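These are the structures, in structure tokens.
Below, subunit A partners subunit B and then partners subunit C, in two separate complexes.
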Partner chain A sequence: MPTNTVKGHTFEVNDEGFFINRDQWSEELAVELAALIDVELDEAHWAPIRFMRQDSARTGVTPTLRRLQTVGGFDVKELYRLYPGKPVKKMAWLAGLPKPVGCV
Partner chain B sequence: MRRVLILGAGTAGTMLANRLADQLDRSWSITIVDRDDDHHYQPGYLFIPFGTATAKQITKPRSSFLPPRVAFVRSGISRVRPDDNEVDLDDGRILGYDWLLIATGTVPRPDLTPGMGDGSLWYRKVFDFYTMAGALALQDVLAGFRGGRLLVHITEMPIKCPVAPLEFAFLADDHFRRRGLRHKVDITFVTPLDGAFTKPIAARELGNLLEDRSIRLATDFAVERVDNEHSTLIAYDGRELPFDLLVTVPLNTGQQYVFESGIGDESGFVQVDKQTLRSTRYDNIFAFGDATDLPTSKAGAVAHFAVELFGDNFQAAIAGRPLPNAFDGHANCFIESGRGEALLLDFNYDTEPLTGRYPLPLVGPMRLLGRSRINHWGKLLFEKLYWQVLMRGRSLPVPTLMSMAGKDQED
Partner chain C sequence: MTEIPAGFTMPDFGPRVAAPTTTGTTDSQFVPTVPPPGPRKMAFICSKGNLDMAYPALIMGNAALGEGCEVHIFFTFWGLDIINKKLNHKLQFTLTGNTAMHMPQLGRLRPGLEYRSMPQQLGGLPGMTAFATRMMKQQMADLEIPDVPAFLDLLAAAGAHFYACKLTFDMMKMIEADLHDATVGVISAADFIEISEGAQIVFI
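Coming up: the complex of A and B.
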């Protein structure tokens, strides 16, 4: 299994770099990861990440954009502003969760 | 008298009714509810726009596939009250149950994307195709389409029959090629996923095929709205795709009554244990097929394999014993690729679609994840098997749990 090491933290990742084990994640690590994609985590950035951590701890899967909207109450346009391009993928990566997949 | 109540007389509900009619003795009553008596062979929707199937061919009475001892109640469903073990029907009746089996599928919701179902272009330039009404409307439109930009679009996963949009794109390519118009039609496959399919090997194979057919691929497209004034599909990230014809799969949700009964997730899918299909909240409720939140395809094959395993589990549930059979998420499906060929996928929760042969190693006769004429004939033959074997509650001679036999394993 490949691993990634950032500032002395080592964690297992899949082929695309997403965490395999959510317990190897920490808030400090998220801050370091965010810097790699030119995001500085402020409260607005943290809110969806915390929601994703809590929600996935309960459901076992990474929440989708729709779930962030309907259950988390987040505004999708705002998420695109915070995390331009591919917000859910970026947030899942920063939250130490698997890439969200719509089921096949 | 013990009462089992089945909601929905489609693929899963009809199979369940037939199995239970054989399995349960006369101390049981079996009732099934559906809003109408039209059972659609839903894979047939794909062929209607291209004129190779008709509404009449793919519609049969639900009642003709139900055993005599099963009571068929025709009504919509307004609410399940699981704490009372009762179901309220739209016509005012109340049905009580000891065991409730939910098989009411999923519904396309064009009303949930701004400018889609409520737009002026709906059923003029914007169509769904995985409904009877949409498929029929598209037949006329495609026949009169002489060139321009065609978008084949998925709003969001999960959707009923996840490969159908790809099939539509391949068949549209073939359709315009035969009419000598292919060079005038620009086809783009627009998906919220990061590839042509969710799983890597299938995404690679299908992505290559899109390229071979000169079909563009727009990935990671999270649609915000349809701009009716400019005939443009707009994504949250700012991308805009103009169209002359938009063939979309709207957001799919469970039925409205699921939302209102407190037994589903935020998309109206009934939350079940993924191995036993038992409701995570109520021990006397099970759900099947598209109506569930199972992390596998919303496809008839999934319903079929799950129903195969349910008989023993139901006997155990009645007796209060642990359920012996565990479903593995097994799905298989044909993918029409145009030009008289099709691909076949076979996979489950843990194993992605792989190349190889099916159902027997080396000899097949069908190819996995590769195009062949035999696969295409298999797809056409399947309609007969659906009505004559599956909907009569019988089994097909293929493994219920996914088998690795014949599959090529890549590193």
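Coming up: the complex of A and C.
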């Protein structure tokens, strides 16, 4: 399995680049990763990431966008604005979680 | 733009939008030789109004939006019911004509029975369509898949474009007020062909 290093943080990822071990994540690391996808994390960006970490700690799986909407109460349109392109994948990566597998 | 460190394995998030580079030259005449690739584009044509035929475009369209694709959905013929607010909460599923209909629950009665397709005559019994519809809705809800109206709202929020087929619209004597609020317009087939230029088209 590949190991990534950025600004002194080291973490293991799968072949696609998603985290294998959520404990190798930290908020400082998330800030560094966000810079790689041209996102500057402000409070609005942090809220869904924190929710994803809490939710996945409970359920064991990365929440889908639909779950962010129904359980987390986030606005889908806003999430697409905050993380344009591939919102849920970007958020899962920034939260140190595996790729979401749910279809909806 | 922060450089990606050497040897870094990173998920594919699509092309990064390059920040404007200020390299000192003030040459405003610079013309890029290769136009930046736009997002991948997908167009779905929904032509069926059965409940089970509404879901494929909704699920794939949602997945495409989540992957950064531009999504256009054209609702035509029976498929127009999907964006009709008076009808889309009561789309139905029928056993009739569906030879792939088998019930996993029957395996508990006798092993192997879950792979046997239901007799076609059963679909014609009164109340069977309502029963089958209820069952399918329950199965969808168990998987946390939204019902059709909520699914359309989800797609709209994610930026999907909906279009109603003008011919069907006129034929069914529909009114625009009945269409889902995110419907861009009632358009002709030729309009759709124009809109879907460069798109990968999926007919359902």
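The criterion applied here is as follows: the second predicted complex is superposed on the first by the 102 of 104 C-alpha atoms of A that agree within 3 Å, B and C clash if a C-alpha of one lies under 4 Å from a C-alpha of the other, contacts with A are read in each partner's own complex, and residues count from 1 in each chain.
The rule is short, and it goes like this: contacts are C-beta pairs under 8 Å (C-beta built on N, C-alpha and C of every residue); 3 or more make two chains touch, one makes a residue touch a chain.
In this text the structure is predicted, and so the values were computed from the model without any measurement.
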| item | value |
| --- | --- |
| Winner by number of subunit A residues touched, once subunit B and subunit C are compared | C |
| First, second, both or neither for A:61, with subunit B first and subunit C second | first |
| Which superposed partner A:13 touches (first subunit B, second subunit C, both, neither) | second |
| First, second, both or neither for A:2, with subunit B first and subunit C second | second |
| Which of subunit B and subunit C A:101 touches, first, second, both or neither | first |
| Subunit B versus subunit C as contact partner of A:85, first or second or both or neither | both |
| Doubly contacted subunit A residues - partners subunit C and subunit B | 65-67, 70, 76-77, 80, 84-86, 89, 102-104 |
| Residues of subunit A touching subunit C in the complex | 2, 4-6, 13, 15-18, 35-38, 65-67, 69-70, 75-77, 80, 84-90, 93, 99, 102-104 |
| Complex contact set, residues of subunit A against subunit B | 61, 64-67, 70-71, 76-77, 80, 84-86, 89, 101-104 |
| Contact set on subunit B toward subunit A in their complex | 156-158, 162, 192-194, 197-199, 220, 222, 224, 236-237, 251, 266-267, 294-298, 331, 347 |
| In the complex with subunit A, residue positions of subunit C that touch it | 1-2, 4-5, 7-14, 16-17, 19, 39, 59, 62-63, 65-68, 143-146, 151, 154, 157-159 |
